[in-house]
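My questions will all concern the structure given below.
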Amino acid sequence: MSHKLFSRRSLLKSGLGASAAGFSLRQTTPEAIAQDHPVLGTYPAGVNGSTIFIGGVFPLTGPYSASGKDEQLGFQLAIDHLNNGSRITDQIPSLTKGGGILGKKIESQSADSETKPDTAVQAATRFIRNNKAIVLTGGVSSAESIAMQKLGQREHVIFMVGNSGSNDTTGKDCQRYGFRAQPSAYMAAKALAPVLAKELGATRKAAYLVPDYTYGTSVYKSMKEFTEKTGWTTVTEQLAPLGTTDFSSYLLNIANTGADVFVNVAFGADATASTKQAEQFGILSNMKYVVPNISQFQAKELGASIMGGTYGTQSWWWTEQDSYPLARIFVEEFEKRNHYKPDWGASEVYIQLLVWADAVERAGTFYPIEVIKALESGEKVNSIYGEVYYRAEDHQMVRPVPVMVGKKPNKMEGPDDFFQVLNLVPGEQVLPPFPETGCKMPDINA
Amino acid sequence: MVEWDSRRAWRWLPELSMAIALTILPFAFDTWLGSVDLLTRILIWGVFGLGFDLLFGRTGLLSFGQAAFYGTGGFVTAYLLTSGTLNSAWLAMAIGIVIASVFSVFVGFLALRRVGIYFAMITLAFGELSYFLENSPLAKWTGGENGLPGVGAPSIRIGEFDYSFTGSWPSYQLVAGFFFIGFVLARFIVLSPVGVVLTAIRQNQQRTAALGHDVRGYKLAVFVLAAAYAGCGGVLLGIFQSYMPPDAFALETSGQLVIQTVIGGAGTLIGPAVGAAIWLTLRDLLQEVPAIGDLWKFVLGLVFVVSVTFMPNGVVGTIIKLWSRFWPRRGAFASSARADDGANLNETRLAPLTSGLRSTGMTPSPLALEARRISKSYGGIRAVDDVSLALPEGQLHAIIGPNGAGKSTLLRLLAHEEMCDSGHILLHGVDLAGADVTAAFQNGMAKSYQINQLFPQLTVRQNLRIGALGRQRGRLRLDVFQSAERFSETEAIIAALINELSLDECADIVVSTLPYGAKRQLELGLALAGRPSVLLLDEPLAGLSPVERDGVKRLVRSLSKGRTIVLVEHDMDAVFELAACITVLQEGHKLAEGTPEEISGDPKVREAYLGGTVMP
Amino acid sequence: MPTLPQFLSQAFNGIALGSLLALIASGLSIILGTLGVLNFAHGSMFMLGAYTAFVVLGHWDSFAAALAVAALVLLLVGLVTERGLIRFYYRRPAEDQILVTFGLGIMMVEAVRHVFGPLSQRVPLPSWGQGVINFGFFLYPLYRVEVIGIVAALLFAFYLLLYRTRLGLVVRAGIEDPLMVELLGTHVRRVFMVVFSLGAMAAGIAGATYAPLAAVIPNMGEPFLVQCFVVVVIGGLGSFFGAVVGGLIVGEILSLTTLFDPSYAQAAIYAVMTLVLIIRPRGLFGTMGRE
């Protein structure tokens, strides 16, 4: 941990930053804060003491509890690294000094959202009002995340979105106080479609199984748009209503269409059930399988014999550690603590907290408006996803989108080696053109 | 569940205590918990629960679908405000509540066709239907699985004064205000005749109907009322959070309401709020205990099961029970009229009321009750076969026969508890075709039952009140702002009945603890409470001791002055003593009819009873 | 407009869906009819059957064994639940019974989540159930066809038990009039215990049978619970035949509506339920006056 302080590079950086540090040190004393920044949200009430509070809201019961637990563990690891230093924070210049953020240790708590947006909002509100949380994170479903993002906007507390794949989160529901790291459905589709065209062919007939709610239809729209651009035809859109556990009716329809690619937009337990059932209907033997947004643990639950040969994307896969050294450390540390390799719930929350902490250190204050400005500045931060930054216009993190294919059992080099990452598509290439996202960002002083 | 009547002196105590509590509690929550929000949430569940408690706690209708109305109210209001259709939040709130109530009329009409478990299942299904509708077909308006964020709050603008209910404390004030108003209204309802009828429905629905109350109408009324409260709760939720969540419609929401009500205490009005306080506090607290963490739901489930098992009256109900044990109410209530005149006064007060029946324009019939060739079959069995009866005014007519002759069925048909397969029944010359037992009572015909049909958890006085209010107020009257005990004429009737039936000493004792003889008296009293002109008595002497029998016989004789009585009895001595005319039934048809002398001498009758050759 | 092959394939699928619902609902219906208890824990019992199958198949590669063990385990669970908890509620109003089974259901789900974790467990298809059958114009998973067979056999066994044995006679009498049965000298309480256990067992076997077809997660029983209520309302309270016919009807509705507008599939079953309530409130085969 501390041995890095004496490396040449860090000395240089600290030297260069000395003046800046001195400057910001002056600014972080409570009196200075009180004079320089007005009351806003939980500032300065939440930062006046010797500790600050960070709240995490994750579904720990209910259908998405597997992802929620994963996020929670990533959350806990991030807090630990920020408080006590780590090999990762050592390599992020603003976070090397450890001991919390701006000299204040972090206290944290996680609350169960029960996979319900209402409970999520309640827990988040409690963290704000009672604990004076200075930042919040969490959410597995887009519904939860969008609801908490809006709450953050209203209460002037920054919300770093855990998981949310819907375009709306940085589209029509974008918020000045919300920041999203996961690639949107648009980005995932744009990254995936060319790979699909190359690997599977340019003139395929695709049948879609789409869960009938806004997240599902959002993914479908983006996939349809980009695959049709490469020459695919969309043969059918089977909308499965909320609460469907038996997809046989829809799979029968799909099997009867003569399509040769089956695209499954379902998420979570629905993805597992529908995939299982599709395999039993023989669809996976007759058609290629594409999952535009692979759920956490999906491969583990279904097994490599089913998921082998499946094309898709997910926000992060642990073999990216081969490309990003910080990711390797992250996987090691997480696995040591929790005895399994982290999935993209954990990685998302982890990276969000570290990027936020970096922004606070750079801003030199917890004052939300300054932190937002720092996050919007476009300055690149080294992270477990490589160098990332937020696009100021819609608060979408610009980060690589991994496109991967499932490994068949005989190709696996270990029990968790489910996917081969084919392409790490740079975020800039797949960002949606800004005005068309529908995002109307509130004024920074709103 | 515990009944809580109230003395006039104490009548306003709950409201006053509530006002004080609502003023003090927020400060306690703010100081110790850091914010008043939890209390606001508890009160939102409290509003939701006030209506549910009236529906379930008071009337006994367990609905698992209240979320349908909670969500409807909330989403209608949220949509109106977020889409910019309406600027006035108050108006949007009102519309939300109204639409939720209208929706409930439709649901109630279908669901209330059944009772008990069926009713619960039907309401559950409608709740799920609403949840599903919100998520897909109506997603354009409801935001689907995301819900509707950005719901604005109402404000009061009078001249220069502009107060908007946004923010922690103002939200509390808004919600507390609604809760208080809702509580006051609920108290009015509970203390009104409507509340009395609802309680009666829960304890003995059949008898309530037989005492002249339109049970279906009242049930629908309380169902709609509960929906209005639910809609109000949903509206407040959306405004408080500035976000209307889709899970307002979920089965879990309806379930949580039920759980909280049971833990807090059903039938106590504040039970749901107390239950919410316990549930929400425990939910937050348990998660913070490291050993429990995400097992919090398991622990809460266990708490719930234990609570249902050992504290069936809930927290508040148990407190009330203990309170009444340590401070039992002494002495009778002062009723507004005292029966101190004796027989004459009683006769006037209890004299039959023949109003309510309009003759069909023909000359009034000399027959009080007439049955023309009525029949009833059950499956293959003809229980009543082509029986005709003609009772002139003031006759005491007995119906006798061996077991299985059809006497009880005949009486049930006369009382309009069941419909005849064929034939007509005329009351004072008017054919009440298709009328039900409630209409029969309202038109002056009442029945006293062979097996006591009382309201076991109420006092004698309260029992009689249900009967007396029936005729007084008609089938259905939603006079919620009246106090049930302030109808002086009704109270006078009750007092007269108590006196007449020698129930003075046990007038304010709960019926379930009374000896059989007193219960039997009360059974008769209930039939009399409606001042009927035609009385049907089904084995009034059953199970009584000889002394008690004499008392009842005397009563029947005195009652027969000015009334027409149909008496079914097995006690032949009594029958021959009292009856002016006797009808003998056998296997559903009329065997013989005539004066006591004619009947006792009739060989066919002897044979039917003794079965076989006539003994000399 | 759907083509005939499409229609037929969905109709067949409806039988598969519906037969499973019929099995679960018949258990619920006899418990409801005999004991008057609306078992809100029924969905959790279904789930327990699935998890039992998962555990058994982890040690022993016989699907038949998994089914048998699931049946036994749930029989035991039903017994313990009835003796340990439900029987104290017979004298209590019906609502209390609903409430206690509701709480019990929650506890079961959370306990399973704690023990097994929230990830979906993998229950493999039996070796004799793999592959598809070619019906000419559509392919259908072999196992689902076998499920129809298994369920039909179980329902038939149930039928024999209810209509051809002395125990069944007492149970059916108990559905009609429990008081009279008791007065006639039968230990009604013992009958209740048997019925509750049998009902739980039906749900458990259904769960074990269904496990290879779906995601085995702690919450898996919830959607089935509400659908079962609809089945019981349509078929009639306490009626075994009603549960079977009702289950098939609901299964068909769910399947056939996907040919037209799947977003109304769930709403359609509630609509039919409402229709039944209007036209024939006691359900297709229900006994009059049994509330």
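First chain written, first letter: the chains are A, B and C, and each begins at residue 1.
In the analysis below, contacts are C-beta pairs under 8 Å (C-beta built on N, C-alpha and C of every residue); 3 or more make two chains touch, one makes a residue touch a chain.
Because the structure is predicted, anything quoted here is derived from the model rather than measured.
Participant: Among all other chains, pick the one whose mean CA position is farthest from the mean CA position of chain B.
Facilitator: It is A.
Participant: Please indicate the chain closest to the centre of the assembly, with centres calculated from CA atoms only.
Facilitator: C
Participant: Return the distance between the CA-based centres of chain B and chain C, expressed in whole Å.
Facilitator: The separation of the two C-alpha centroids amounts to 35 Å.
Participant: Just curious, how far off is chain B from chain A if you go by their C-alpha centres, in Å?
Facilitator: Distance between chain centres: 55 Å.
Participant: For chain A versus chain C, what separation do you get between their C-alpha means, in angstrom?
Facilitator: Centre-to-centre distance between chain A and chain C: 40 Å.
Participant: Multi-chain contacts only, two chains or more: what residues does chain B have there?
Facilitator: Residues 132, 136, 294, 297 of chain B touch two or more partner chains.
Participant: Mind pulling the residue numbers of chain C that touch at least two other chains?
Facilitator: Where chain C meets two or more other chains at a single residue, that happens at 110, 113, 263, 266.
Participant: For chain A, jot down the residues that touch at least 2 other chains.
Facilitator: 61, 65, 69, 212, 241-243, in rising order.
Participant: Within their complex, state which residues of chain A touch chain C.
Facilitator: Listed in rising order, the residues of chain A that touch chain C are 61-63, 65-66, 68-69, 212, 238-246, 248-250, 252-253, 255-256, 269-270, 272-273, 276-277, 280-282, 297, 300-303.
Participant: What does chain B use to touch chain C in their complex?
Facilitator: Interface residues on the chain B side: 56, 60, 62, 110, 113-118, 120-122, 124-126, 128-129, 132-133, 136-137, 251, 255, 258-259, 262, 294-295, 297-298, 300-302, 304-305, 308-309, 312.
Participant: Which bits of chain A are touching chain B when the two form their complex?
Facilitator: On the chain A side, the touching residues are 60-61, 65, 69, 109, 111-112, 116-119, 121-122, 125-126, 129-131, 141-143, 146-147, 150-151, 154, 168, 173, 212-215, 241-243.
Participant: In their complex, what parts of chain B are in touch with chain A?
Facilitator: Checking each residue of chain B against chain A gives 33-35, 37-38, 41, 132, 135-136, 139, 143-147, 149-150, 168, 241-243, 245-248, 250, 252, 284, 287-288, 293-294, 296-297.
Participant: Spell out the part of chain C that touches chain A in their complex, as residue ranges.
Facilitator: 5-6, 9-10, 13, 16-17, 110, 113, 117-122, 125, 131-132, 138-141, 143-144, 212-215, 217, 219-220, 223-224, 254-255, 258-259, 262-263, 265-266
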